[in-house]
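Below, chain A partners chain B and then partners chain C, in two separate complexes.
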Partner chain A sequence: MNRKLSFSLGALAIFIMLLGPMDFTPFGLPWSGLKTYPTYALTLWLVTAIAAMGVNLIVGYAGLETLAQAAFLGIGAYTSALMHRNGVPFAVCFLTAGAVCFLVGIVLGFPALRVQKHYLAFVTLAFSVFVWLVIRNEEWLTGGTESLKNVRRPVIFGISLQRPEIYYYWFVAGVTLLLAFLMWWLIRSPWGRAFTALRENPIRAESLGIDVRGYTLTAFAIGSAYGGFAGSLLGPLIGILDPNSFVLSKSLEYMLIVVAGGSGYFLGPFVGAAVAVLLPEWLRFAQDYYLIIFALLVILLMAFFPTGIVGLFERLTTRARRPHADDKGPTLGGPSLGTPSTPAGSTTVAGAKT
Partner chain B sequence: MSTATAAQPVAMTSQTDGKVLEVRDISKSFGGVHAVRGVTFDVREGEILGLIGPNGSGKSTLFNCILGQLTPTSGEVLVSGRSVTGLRPSELNRLGIGRTFQLLQVFPQLTVRENLILAGQEHEGSRLKRLFGPRDAGLTANANRMIDFFRLGHLSDEKAGGLSYGQQKLLDCAMAFMAGPRLVLLDEPAGGVNLTMLGNLKERLQAINKATGATFVVIEHNMEFVMSLCTRIIVLAEGKIIAEGPPDTIRKNPEVIEAYLGH
Partner chain C sequence: MTDFVQLVIAGLATGAIYALAAVGFTLLWQTSQTINFAQGEFVMLPAFFALAGMKFLGLPFPVAALAAILLSMLTLGVLFKTVIVDPLHKQGTLPLVISTIGLAILLREGVKEFYSAEAQRFPSFFPDINLGTAANRGGSGFNVSADQIGVLIVATATILLLAWFLSSTKTGRQMQATAQNPTVARILGVNVERMVMYTFLINGALAAMASLLISPIYLAKFSSGETLGLVAFVAAIVGGFNQVRGAIAGGFLIGIADNLVAAYVSSTYRQAVPLAFLVLIILVRPQGLLGRAEERAV
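Right after this comes the complex of A and B.
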């Protein structure tokens, strides 16, 4: 796929996403849009995708582990909801939720400098349980198991997003687009390259001047902030905050979403979140068998396509290119170091990027 | 420093009598194993110093102590007269010291050009500037020059993981030079490289040395390669220096033949 085509397709997809759920009957068109519940499900998909984008940065790009994303959603959700109910404008609540998680993310990132892989997963797992216990037990603040009720949706420019459902959907979609753009910018910037270096070979990265410590903490902080942003949007969506929305198994689910969708691919979190949030709705007829179907899907995916759905798709759409097995290259008359030369790649046909 | 490239040699300070690197009585023990025992030597500006010795003689451990990968048990390392013991590898790299590792160390998922841009990007501007600046950190032209120089032109957009071993080895080397270092420590650059490629590599290293005045320290087992590339050689055995001198003297040294060359 060339750039222009991908861009057009992306724009078209966003356009359909935004207008698809809308009721067109007032305009005389035979499409009455989505009902409240499907629109709610779509919004939940976007919120889940935001949180998964954060996990994808930490796990997919920087090669670290986190089993604490649900905890960050919790921190973000309660921070935002408690501030909002005390009259703070939602924009401030939203940014504070992200900022708090950013700072906590830095702190949680420190163990990542000492322990790696599943040891790091255990550290974040413990943190996840800790946060859940705090939410459950500090009833004076969070309402505990009685849950925090009446989490209101914001009023933006005088328009209440309480209902119809599509208003809040549009709001969340706008925020998702913004956060997705920021993430896209981040992973395409030299920082993104440094994160990839961190994942592939931290020792070599360090020897090339890359501050592995700094980048590790940054990845953790930004990824966790995305969890906070998602949490801030989740409360008003559901309308009630319950500790069990932020239990450990939820953290595992975010990890699963990223891995199933395609860890290290930009669209991975969106696809993975669709599988986890929307697929259950379509598989309603299967009722209790849904979980079995889902589990089988994940097992098959991991066994045969460990790069996830997006990785599988990429493999199907691009032909495998192998470089020439020519070890020698031109042996005589290479350009000298001091003189500028013709741009490299002009002699090869392999330069086309997908 | 920040704009230094392979094409622009960086002048050394003259207060250090042309010594780029001073290793002062470095020792390193792992539990009861004394890998390096009180090694002292200087590296003068512009020279190509060979470091040879049997397997397990402490060469790579010494490299890792100099470059901050390991903390020496005792001793001191000075770069251009400044003590750098205890600095992290990334800080040392940003001071102008490049290195390659014994085992192949490229980033397989990045293309050849991206590998090189990565190798240079942390030397360009501040970190915040890099986030908002161009994706290539302004290094594409530099990377292309390096690609041409190491004759990898036909591979610029290939993922490094798809290259042959020898090609990856060349890329590995090119990455060490991307930021225009004054001092480069190469750990077995010729290991597993075929003869044609080896000639290419040696010639490229000598060309950089000539063009930029960069200083090299080279660990190598390929005697022909070391003897023809280096201007001076240090022989290490059981963590200690047993001989030091120009290639011809080393070749004839009975102690060296006993410890290493004879085998």
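Right after this comes the complex of A and C.
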């Protein structure tokens, strides 16, 4: 029954999300929808959430650290924009952006994950700087600091998404739903469930025959592909591509977004992206200091509620119910607040590895 | 050839500074398993302590520099440990990593909003004299500035002092024991908590030293922590994550390579040097040049 309730709530939320920004005055209703800029902000939120979903797969489910999501957005954005400019259909550009990022993810992750999982963080960190350098320096390709101008929005079934703003919003919302469903299915597939085993106890998972490196590498590549998809949608949204959108600190922000929202929770990336993208639009007075406030929020969350906002919300709402062995339990290493019933054996192993 | 020697000397000077940052990073990792993603910002910040001291309190430069070192030990050492690392240790590695990333953004944006977004000129300890055979800087012949030699001497002396402290004093050896095996160290009567605190203090001081030495060369800027942090991590990994002398070697190596690449290969891609090193070392010798292989890396 609870599952049914949450399903209808989700459907309702999606329904409101899709129709809320629409102008209903032609139908005689007193709601004129959202103006261009708020609709743009909502679209940006969805694009950020797609990229964050990828980070969530890498961080929340596979237990790795990636500091290159903005770089993957950059790769996806420029790949897609340059192909689209040369007359390739947008669907092909979009898929290529994801595929390129997937392959780069494999090439990047393979050497790093051979050694130690923290090494992925360092390799991706260095890779972020490298991608930014290439985007900035290779002016013949990317326009460099002069930026790539006039990134057009696609034409789908003969309808140009250039304007009104809500057309592109609907398009991005559709893609987000599709990618979210794909992620949801992925996490619940046997392949995805192996992650839960991995995350909870890597040594045991390995001894049960799970190819730890293969799994984590694929997770990293798929998460990076989501960055590429998001990048492909970001270019047409903004209309201009600038190297500074893909600097290292943006990659770090994606990490914070996911963890603030709740890593390892399906809705975490959406909540985190809302905090990072939509909230500053309301808190206009704090614009300059928003990043400082956000960073402080994350540090406080980590100290007191490491499961993030969604995790905190879940703890508050399910306090009365008995905790059950659900696959979306707390994710962060070590014995955490949400699982008082962790078997003693698993904590010893986790403690022994550090 | 003179070009090459000049570049190597310049590389040794910046490399010595990178080594300071990398050694601090390695020490924190060894004694408290703290992967400090804010290490670059730790090197960026003390220069601004000194600048603020001179600007707002009117302190002379040497006093401001000393104050900056002490303040760094207090904030980047004691405060960092008690406010961020200690409460987060029981939550596991990832929350701590995220927290240091948050701290990096906090420090960077804080300096940008509350001090300045512009690169700041920073005074040097050393006189602006050319010690080479060229008549003046940029002239033909051999160019070596007193600044480079001074940086090299001060940074190397700091590292040697630290190495001596770690290997030859009782406290230093207790710190090493803590790093190797905290449980056994505790049984043998080492005050582990105090030793961990010492590493944080040393890291604060090393970061401040690096900051005061590098800022006259590359200017003090809120965003400079990105590159510095990256170089520190990579130096630590290239040298060997679990060895202090590895971090020193890694720092010098990257400093020299950085200068040579900028001169002979491409100055626009000099920042890619750490990535190249990182990938190479991971493929060829994952435990680092001087590191020991870890038994179990999960």
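Quick note on the criterion: the second predicted complex is superposed on the first by the 301 of 354 C-alpha atoms of A that agree within 3 Å, B and C clash if a C-alpha of one lies under 4 Å from a C-alpha of the other, contacts with A are read in each partner's own complex, and residues count from 1 in each chain.
We take it that a contact is a pair of C-beta atoms (placed from the backbone, for glycine too) under 8 Å apart; a residue touches a chain by one contact, two chains touch by 3 or more.
If you're wondering where the values come from, they're calculated on a predicted model, not measured in any experiment.
**Student:** Scan A:203 for contacts with chain B and chain C and give back first, second, both or neither.
**Tutor:** After superposition on chain A, A:203 lies in contact with both partners, chain B and chain C.
**Student:** Check the residue A:137 against both partner chains and state whether it touches chain B (first), chain C (second), both, or neither.
**Tutor:** Once the two structures are laid over each other on A, A:137 reaches chain C alone.
**Student:** Scan A:149 for contacts with chain B and chain C and give back first, second, both or neither.
**Tutor:** Neither: A:149 stays clear of chain B and chain C.
**Student:** For A:121, using the defined touch cut-off, is the partner it touches chain B, chain C, both, or neither? Pick first, second, both or neither.
**Tutor:** A:121: touches chain C, not chain B.
**Student:** Between chain B and chain C, whom does A:253 touch in the aligned arrangement: first, second, both, or neither?
**Tutor:** Once the two structures are laid over each other on A, A:253 reaches chain C alone.
**Student:** Let me test your reading of the model: by the given contact rule, A:111 touches which partner, first (chain B), second (chain C), both or neither?
**Tutor:** In the superposition, A:111 touches chain C alone.
**Student:** In the superposed arrangement, does A:315 touch chain B (first), chain C (second), both or neither?
**Tutor:** Touch partners of A:315: none, neither chain B nor chain C.
**Student:** Per the definitions at the top, what is the overlap between the chain A residues touching chain B and those touching chain C?
**Tutor:** Chain A residues touching both partners: 203, 334-336, 353.
**Student:** Mind listing the chain B positions that touch chain A in their complex?
**Tutor:** 6-7, 67, 69, 88-90, 93-94, 98-99, 101, 105-110, 113-114, 117-119, 121-123, 127, 130-133, 135-137, 141, 144-145, 147-149, 151-158, 162-164, 166-167, 175, 178-179, 194, 196-197, 200, 204, 207-208, 211-212
**Student:** Going by the contact rule at the top, pick out the chain A residues touching chain B in the complex.
**Tutor:** Where chain A meets chain B, its residues are 186, 188-191, 193-194, 196-197, 200-201, 203-214, 321-331, 334-338, 340-345, 347-348, 350-353.
**Student:** Would you mind writing out the residues of chain A in touch with chain C in their complex?
**Tutor:** Touching chain C: residues 59, 63, 65, 67, 111-112, 114-119, 121-123, 125-127, 129-130, 133, 137, 202-203, 248-249, 252-253, 255-256, 259, 263, 288-289, 291-292, 294-296, 298-299, 302-303, 306, 332-336, 353-354 of chain A.
**Student:** Of all residues in chain C, which touch chain A in the complex?
**Tutor:** Of all residues in chain C, those touching chain A are 33, 35, 37, 84, 87-88, 90-99, 101-106, 108-110, 113, 226-227, 230, 233-234, 237, 268-269, 271-272, 274-275, 278-279, 282-283, 286, 294, 296-298.
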